[in-house]
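Before I ask anything, let me first share the structure, which is written out below as structure tokens.
Naming follows writing order (A, B, C, D and E), and every chain is counted from residue 1.
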Amino acid sequence: MTDQMVDAPPAAVPAELTPGHSRWHGLRPWLPLVALAVAAIVPYSTLVLPGIFEGPLNSPGTLQLLAVCLVFGGLAAGYDLLFGRTGMLSFGHALYFAAGVYGTDILVTRAGLPLWQAGLFAVVGATTLAALLGAVALRTVGIAFAMVTLAFAQVGAILVARNFGGWTGGEEGLPLDVSGLPPALVGVTNTVNLYWLALAYLALVVFVVHRVSGSPTGRVLAGLRDDERRIGVLGLDPYRFKLVAFTLSGGLASAGGVVYCLIVGGASPHVTSSELTLSLLVMVVLGGPGTRWGPVLGGVLYMYLDHRLTAFGASDAVDALPAVLSAPLSQPLFVLGTVFILAVYFFPGGLASLTTRLAPLRKALRPPR
Amino acid sequence: GSPQETASGGGDATAPVKVGLVYSQSGPLASYGKQYIEGFKAGLDHATGGTGKVGDRKIEVTEVDDAGDPAKAVSAAKDLIGKGTKIIAGSTASGVALQVAPIAAQNKVLFISGPAATDAVTGANKYTFRSGRQSYQDVVTAKSFIGDPAGKKVVVFAQDGAFGDANEAAVKAVIGGAGATVSSVRAPASATEFTPFASQIKAAKPDLLFVAWAGTTAPAMWQTLDQQGVLTSTTVVTGLDIRASWPTFGAAGSKISFLSHYFDGASDTEAATALKSKVGTIDLFHPDGFAAAQMVVQAAQEGGDDVDKMVTALEGWTFDGVKGKMTIRAEDHALLQPMYQAKLSGSGTTFTAAAQKTLTGDETAPPVTPMKG
Amino acid sequence: MGTVILLTLTGLGLAALYFLVASGLSLVFGLADVLNFAHGLFLGVGAYATWWAAQNLPGAGPDGLGFVLAVLFGVAAGTLVAVLVELVLIRPLYSRTIEQVLVTVGLSLAGVALLQATWGADARPFPRPEWTRQVTSVLGASVPNGGLLLIVAAVAVLGALLAFLRWTRYGLVIRAGVENREMVTALGIDVRKAFTLVFAIGGAAAALAGALGGVYFGTVSPGQGGSLLIFAFIVVVIGGMGSVVGSAYAAVVVGLLQQFVNYYGVSGLGDICVVGLLAVVLLLRPQGLAGKVAHA
Amino acid sequence: MSEPVLSVENLSVRIAGLHILQGVSFTVAPTGVTVLLGRNGVGKTTTLRAIVGLTPRNGEVRGTIRMGAQSLLARPTHRLVRGGLGYVPEDRCVFAGLTVAENLRLAERRGSTPAYDKVYALFPELDRRGRQRAGSLSGGQQQMLAIGRVLLNDNRLLLVDEPTKGLAPKVVTEVAEVLQRVAESVPVLLVEQNLAVVRRLADDAVVLAAGQVAWTGDAKELLLETGLTKSLLGVGSGGGHETAPTAARKDGS
Amino acid sequence: MLATRGLTWRIGEVAIVDNVYLDLAPGEFLGVIGPNGAGKTSLFNLITGLRRPTEGRITLDSEDVTTLPPHRRARLGLGRTFQASSVFGSLTVRENVRLAVQAHRGGSMKLWRRAAADREVAAAADAALDRVGLHHRGAALAGTLAHGEKRKLEIALLLAGEPRVMLLDEPMAGVSAEDVPELVDVIRSLTSDSGRSVLMVEHHMDVILELADRIAVMHHGALLACDTPDTVMANATVQEAYLGESL
């Protein structure tokens, strides 16, 4: 039973490996670029979306929120490379993200390195760490693998919490020393640059994951998800391919950590927690594992809710309700948990499955030819 | 056009003064946050004579929940600043305070940190102030229990992490500096079984045990110290937490010497009366909110919309707070304030604290830290 | 010597607490194949219900029989919640393991927030018999009675669970159902009932752990269950998924290791040793210490 | 002719958008073996599963299925089985983690005495291997367990899906014998590819093709008529892959 | 070509595979029969490296492969099918075969190339699909195939790897009667090329007899006989232990 514990996620066929058929076929490759372009010019819009964002689209608060959402969209997509596309359930992904966050922060704040060096070292270091720990953890499979990665991440969390050598700031976290940073990344007026940075990160992750999934190696990863034994008998070393996926995914997470550190302006131990990995899992499932846009959407939506629900809980509308309702509703986690449960029920296969579920509707609406 | 819009603060003489409060409405520190906001409202009322106005300008308060998460607090702060808010206050958690303080400096807005106790907020930068006490002041109060520290043996029992580190360092500086030998026993904040640590403490045979422990495991910790006979074998000092925690000390409560930031009845100032009339029973963090409101009103009154003027107006300002005379030290923005020694008595669910001694703001003043930014 | 005895006995008390939490988890995890993150919620429900009953339920109180009544009420509440969760949330998702796990994740978020919304974030003093605060002197060591109570309870729960698995047909049905639920129905068995039963037992064990944990900690707080959960997971995995006996062994190893390392080593090392142990055990024996229980 | 024990009328099954069965109708006689034939993938297994109510979640079943006067559709599987419908699935589906004895114990039904003697007499192997985990049994042993499990109880009708698949010739013969004896007391609906077994056991035959019933009638008639077997099953009546060691030799070696 | 020397696999005290000496000459077709549970599949698992033998050696082209992991053996030209079909259920049939072709053509990491762009792989995959007659199912998800089709896909996966030694575990199990001759032809054509050796477990005696040069009989883990079909079929022990009386 042990090896059944982690069944491959209810994944869809990797879109990259199946040819498209629709009329969109010609247009399709360009859609992501269009989306990217639209996202890139958002900061020029003064559109006000009452209830959705506090201020106009181009206000710093909104951009900050969007930047955080985008980073998590990218993180979720990177995590999906492991979970949705290779079928590996890691409970320790937060470690590599945290390594990016804390690595950058410590190198900038404590060692006084310039940002680009700190970021580079953090990513290289975290990727190496992922490769080393992955090499050990991948000696196990299934739930044992999940728990070994959890154990490693937990050690990371304990070290951060202990405030080893006063480096990490323990439970209080470590604010980023911005004096050495490029001025364009500092200050509320420059939030827009952080937004673009986050967008670039997301685009990078999506592009990498897309390319890798559509590559010969991606094909092997999809095969690993279904039947690892078979891959071995075909003459491929499962271990090597899994390690590559693990390392790549860890590296992408650490790059997200660098960006996140800049956006939030510091590190806090929350990023080392196993809950973070768990929420990555939630994001991926919410969006649809193994799909190109699902995890991104899941990540963005999750973080959006996570941030906005605090405002929802404090809103007058909720306060006006009788106490039985308003008390739980003013707990953001209650709403988030409930939304999540409902999502599991009503969107099995994630948000990405919405397109297929809506297909009959679309067909019905399309004028007969 | 510009890819991003930031509202510039209205220079209009009747435009409202925007104040943003970023604190914990939900999350583990929600009840600290609740006291803070109650205190703030009462303080605002008190400082504006019930009008909620400074001159002709209304004080417009925006409350944002950070759920104790620095990332959310930073987002909220940026949002507020983007909308032209010049004064931000709140920060229930130390992590939040430390992360928001640099934002204030980068954007040149006033930041008045709330219940967060970390010493690192003091002297963080020119724009950052605090409305509550800091760990160092706790430790100085603890020192007052020991008489002459010279030659005494002091043990610090603290949890791992920055809070524990700060307390240990402060004890070493304050009590160790006065001639005591200080050692420490540290435990992970997540610990559930305290016998090993109690045994270590007992083996050290200290003259004074200083305990710095926060969190839900505190009652188990106290019970273990009590059961292993630590509480009866030495003087044990710790900070007195919010009222809701008092019954959790159980029988151990009467064996502990408490240093206190505040408890109901610790002072009978005019401000305390005003606060009490609003909130009924005053608790630990009500005075912090109250002081924050007083500082906001002072800043708005003297500084208008000019943040630098606000800073000048607050630096060195002395006012009558709930706890008595409070002084904002100009050099590092430490808030000098009275502190208390207290005893807990009672049983079951009804406990009362009584002041043993009051230390003045000067007696508990931390050393001046150079301003970092 | 006194110190060693003291550390051993208190370590066993800690182990007993871990086991109480882990046993229900292990059962649900191993037999119903659901990694139940909502276990912490069941724990919380048990603790809060006991706390509530001791003050409000006629006949119940913090002492003697009243306390037993309060604990029984707590266990009943935990069981009820577990059964409801199974019926309403888990059952419609059978054969979709990942989704089931995710629902329990959502539930653990929402449930703890609900406890907090109802009773506040702060720890509340837990009603408990006076003797549980006292110590018993064993060979010169002052051993807390609360810990001894946990040990007794853990042994009782272990015995009861083993008996259940050995003497009843349900253990069989449940294990078969995990492998191939369809086939169990095709043998004429209503497998859904068996799964509900597993959740009920898991919930009851969790609620008992919650109530006794309250005695041990002296307080209840919404997050208490969650913080114990991670060690319980470790115990379950080290012990071998689904093996109740394995969980017992693992709990003892983890409890003692933590206690002794915390005393003789550096602070924080105890936790690192435990996760280190987890990694080592899994790398050497991926199936955990014991195989599966279930032959019990 | 007496009342059929099972009648399927206009059965139609869709799974994941595929229309697998498109209006299948046939009956199962109250005695003997009715065999369901057809090429790979025509929907034989799907038919049996629809009868016991095991169509997958994303499937949809229409039509009527009756056992006697009772309609079987929309009743939960465990009820149907308790009501005397025994099912031996295609891939054996023994519980790999349980021992052989536990697998059998599981199949006991409340209210009736399990016929262990009968089962052990048929498959002495199961008695010997009582404590072995079923997952470590060989394919043939598992098949015996799967059949034995159902025979523990009295049934009104047995559904057996490819019981001889992957079995050694000797065991095929044994299984066929067992089924023959079973069929003396209980009617059997059998899916089988091995024509030798079909020839030996079948009384009636139903042939599926393209999601519909292509032929139904007396099995002997089907097997005798070379033309029929060829057109329906694609083999000459003498050919097919039989288990007897009499077939063609590899020439030249 | 392939040889086992005293190959033994024990679980506890029981020898599942017991001291097996087997030689497979280049181009030879060796049928393996034996009662259920004789250890045929286990023998395959040992040879392909999915299990480690407790004793004995395995050599491939006189190279000792006893301790090599499965993928290394596969790269040396060892391919197999599984008794219970194991195909990549969430990939299409075509992708399944392409993956196998790609594995054969060099399993190095190619993270940045477009998989779909490799025409040679695609062509080789289509050829393999053609050969087993699954071309028309290329776009279907392998997981939704009917049993018989999965068996064919298994063989296509094997073909794609162009192995020199092939281990077939009951390839005919569950294949409908009319498809058997076709599949037999496919298997025959595998061997007639270029001196490939085949080891095939099969219960359908007529298929074995049609294809095999020699037949090995396993019983209780041990090799009972290994000889020409005629001799084996005449062997009294084999008659008694395996074939039984014919229907």
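Everything that follows uses one rule, which is that a contact is a pair of C-beta atoms (placed from the backbone, for glycine too) under 8 Å apart; a residue touches a chain by one contact, two chains touch by 3 or more.
Note that the coordinates shown come from a computational prediction; the quantities given were computed from them, not determined experimentally.
J.: Please find the path from chain A to chain D through touching chains that uses the fewest steps, and give that number.
T.: Each step joins two touching chains, and the minimum needed here is 2.
J.: Any chance you could name the chains that touch chain C and chain E both?
T.: A, D
J.: Name whichever of C-D and A-B has more C-beta pairs touching across its two chains.
T.: Most contacts of the two pairs: A-B.
J.: Among the chains, which one keeps its Cα centre farthest from the Cα centre of chain B?
T.: D
J.: Centre to centre, by mean C-alpha position, how many angstrom separate chain B and chain E?
T.: Chain centres of chain B and chain E, defined by C-alpha means, are spaced 74 Å apart.
J.: Could you tell me the distance, in whole angstrom, between the mean C-alpha positions of chain D and chain E?
T.: One centre to the other, that is 28 Å.
J.: Based only on mean CA positions, could you tell me how far chain B sits from chain C in angstrom?
T.: So the centroids are 37 Å from each other.
J.: Let me have the rounded angstrom distance from the C-alpha centre of chain B over to the C-alpha centre of chain D, please.
T.: 77
J.: Tell me, which residues of chain B touch at least two other chains?
T.: Those would be 26, 160, 188.
J.: Which residues belonging to chain E are in contact with no fewer than two other chains?
T.: There are none in chain E.
J.: Where in chain D do residues touch two or more other chains at once?
T.: 97
J.: Which pairs of chains touch each other in this structure?
T.: A-B, A-C, A-E, B-C, C-D, D-E
J.: Which part of chain B faces chain A closely enough to touch in the complex?
T.: Residues in contact with chain A: 1, 3-7, 25-26, 63-67, 69-72, 74-76, 78-83, 94-95, 98-99, 101-103, 106-107, 118, 120, 160-165, 188-189, 373.
J.: Given the complex with chain E, which residues does chain D contribute to the contact?
T.: Per the touch definition, chain D meets chain E at residues 16, 38-41, 45, 90-91, 136-141, 143, 162, 165-174, 176, 193, 195-197, 199-200, 233-235, 240-250, 253.
J.: Considering only the defined contacts, which chain E positions touch chain D in the complex?
T.: 11, 33-38, 41, 83-84, 144-149, 170, 172-180, 203-207, 209-213, 229, 233, 241-247
J.: Mind listing the chain A positions that touch chain C in their complex?
T.: Residues 1-2, 4-5, 7, 9-10, 136-137, 139-144, 147-148, 150-152, 154-155, 158, 161-162, 274, 278, 281-282, 285, 327-328, 330-338, 340-341, 344-345, 348.
J.: Given the complex with chain A, which residues does chain C contribute to the contact?
T.: The contact residues of chain C facing chain A are 30, 33, 35, 37, 89, 92-93, 96-99, 102-103, 105-114, 116-118, 178-179, 230, 233-234, 237, 241-242, 267-268, 271-272, 275-276, 278-279, 282-283, 286-287, 292.
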